[in-house]
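One structure, as structure tokens, below. Some questions next.
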Amino acid sequence: MARLVEYADAPPEVRAVYDDIMATRRTDWVNNFWKALAAHPPTLKRLWENVKTVMAPGALDPLTKELVYVAVSVTNNCEYCIQSHSAAARAKGMDDAMLAELLAVVGLANETNRLANGYRIPVDDRFKTS
Amino acid sequence: MARLVEYADAPPEVRAVYDDIMATRRTDWVNNFWKALAAHPPTLKRLWENVKTVMAPGALDPLTKELVYVAVSVTNNCEYCIQSHSAAARAKGMDDAMLAELLAVVGLANETNRLANGYRIPVDDRFKTS
Amino acid sequence: MARLVEYADAPPEVRAVYDDIMATRRTDWVNNFWKALAAHPPTLKRLWENVKTVMAPGALDPLTKELVYVAVSVTNNCEYCIQSHSAAARAKGMDDAMLAELLAVVGLANETNRLANGYRIPVDDRFKTS
Amino acid sequence: MARLVEYADAPPEVRAVYDDIMATRRTDWVNNFWKALAAHPPTLKRLWENVKTVMAPGALDPLTKELVYVAVSVTNNCEYCIQSHSAAARAKGMDDAMLAELLAVVGLANETNRLANGYRIPVDDRFKTS
Amino acid sequence: MARLVEYADAPPEVRAVYDDIMATRRTDWVNNFWKALAAHPPTLKRLWENVKTVMAPGALDPLTKELVYVAVSVTNNCEYCIQSHSAAARAKGMDDAMLAELLAVVGLANETNRLANGYRIPVDDRFKTS
Amino acid sequence: MARLVEYADAPPEVRAVYDDIMATRRTDWVNNFWKALAAHPPTLKRLWENVKTVMAPGALDPLTKELVYVAVSVTNNCEYCIQSHSAAARAKGMDDAMLAELLAVVGLANETNRLANGYRIPVDDRFKTS
């Protein structure tokens, strides 16, 4: 199991990232993912900058991005990621009905992905231009 | 490569599904996925009913569902599904900027899924209640 | 693309494996998988011995083993493996109806695998004893 | 962890599915998978109909279908699915020797899938016609 | 959970493999992986011979091989394999900094794999000759 | 297929990244991965900075990092990534024998990952401390 670096024990470069996480998210705590990455401060800083950039509002809204994150995590069966990003999605407005439909789409996509593979279906010309 | 059942050669039960696909989608053609499944008419009918139900507007809008479909297909590397659902997402309003952000989230989720696995990070108690 | 070692150009240790493949399968040709592995003769010999042992008739019959091989290859989307093991399954008796049902099971299993992950379903006590 | 809907607390549409599951399987209990899906009754009904149809005897016998289900679940590492479908396979006749051979095939297929990918082996012309 | 075959209860063919494992590794114990495979002695023997051959020093040194093993296991999210091969890598010289860099590469590769899939990037001609 | 942004057509922010890629790698060309990402300049810049940082010499040497990259790409079956990182690994010293051993380890790890899953093997206490 990962060794978790708590704020009280963290060197200044790690505290700076923790502070930015809490300020950006307007919370007063840091979740275990970051405490584990803090074992290697350059990775902690790099990943946090990536997450902050990629998950910010843009052409897609933050809730849609969290739903996509859950979809990928469910497909890969990452327990930690399913739970943390489901919580983030709920905080941004996902309710039970939305989760149920999300999982239905994820399940169906995983099924039809294999049917397309198994039947080795050629891509329609009309799709190639898109 | 899959044998594709064209409308002209299709038995009535297959034509009935093709007709429903075109009516539901308001198009005048059927893509290769369905023509391949038509080799086994019960599978064709079953899958179409699933897709029609799951992808209909509900708690999530149809564009969000297509974005999730693309995210799963990219994670699994299903070429046919990436192309067909990217085309469907574009038809529902996805532009280049949205696709770029979608792929950025998918890429990042696939990365952090492995970091969570590799560091074997324990799930925070706060996430377990969500 | 792999460099393929043809029989005429093969060193004796490779020819010996090719000869055993053809004798075991009662055919007069060797498929590309083995010609590619022949770039590293110890790998060729090791893999062929594994395949010969694992795919031999035993508690499961050879057709069932080929169906399982196709199921795994479709799940992983290995084009070469789907095609080669589908051909092997057909040679052992798989017909179109069996293939359609096989792919239906593979698709459904890939779907319910994700629903079980996404809902994080606890294993029933009754299953734990099995 | 999933909220499980028990029979006593279930609305009529959920009880109807539970009743059909028990009648079809000739058992007096319902496993957690269905109790979790019952959080969204349309998904419960849809998935049960799919499973009932796909897993029924047909061109492939029910045991072969369960073996394939286990093979996919092991490949995807779905703990719930491995345990529930291993139990189902045992109930249909799988013994320890069959399980051992099944896992041997699954392991080997996962290995050769990557060797085929890694060496980028071209598909033999003879396989393309099958 | 797997039934584990302890040395005291093992038949001679299993003890012979256990003895070889301990002799090869210069240890006085056998880890659970082998005790589980021992339920099917031919699989135990076959897998041990494969592992002994593949993981031996050759063109790649044993530490590099263990790092690759961890990378694959993290990508597939195999808990047992991550822990056992991380321990083996540490025994061969992997320290915390190496593990952190290894996981960073694994995470990044999983990300760019999906970007390459999602953008459907054509392979450069210069790479095809390599 | 991805639209590729050539240097001649690139805006200044894209050219700046291309220039840094060529300077860092001491080459006079840019491969298609970056030309595709250039459709979204912030993604291009972000990914290049990640790759430059992660793949730089550190606790692990650059060749080992490329071998790990190939191992992950083969496991995920990313054609572009297998070819581009195999070429990079060769440029850093990988020969045919090393590639053959690398693929042997990747194949075996993918096999034993599934055996560990399928037998549901409990992690040895001795491994948990590492």
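Order of writing sets the chain letters: A, B, C, D, E and F. Residues in each chain are counted from 1.
As a working rule, contacts are C-beta pairs under 8 Å (C-beta built on N, C-alpha and C of every residue); 3 or more make two chains touch, one makes a residue touch a chain.
Note that the structure is predicted; figures quoted are calculated from it, not measured.
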Co-neighbours of chain D and chain C - touch as defined:
A, B, E, F
So which has more C-beta pairs touching, C-E or D-F?
D-F
Expressed in whole Å, how far the mean CA point of chain A lies from that of chain F is 21
Chain B and chain C: spacing of chain centres that average the CA atoms, whole Å
28
So the centre of each chain is just the mean of its C-alpha atoms; given that, what is the distance between chain A and chain C in Å?
34
For chain F, jot down the residues that touch at least 2 other chains.
1, 39, 46, 50, 75-79, 83, 97, 100-104, 106, 108, 110-113, 115, 117, 119-120, 128
Draw the chains as dots and join the ones that touch; what shape do you get: line, ring, star, complete or other?
complete
Sites on chain B touched by chain F in the complex
77, 96-97, 100-101, 103-104
Touching chain D in the complex: which residues of chain E?
39-40, 43, 46, 76-78
Hey, which residues of chain F end up touching chain D in the complex?
70, 74-75, 77, 79, 82-83, 102-103, 106-108, 110-115, 117-120
Okay, in this complex, where on chain E does chain F touch?
1-2, 4, 29, 31-33, 36-37, 39, 47, 50-51, 54-55, 58-60, 64-65, 67-69, 71-73, 75-76, 78-81, 83-87, 90, 95, 97-98, 100-102, 104-106, 108-113, 115-117, 119-124, 126-128, 130
Note which residues of chain E are touching chain C in the complex, please.
1, 42, 46, 50, 53-54, 128
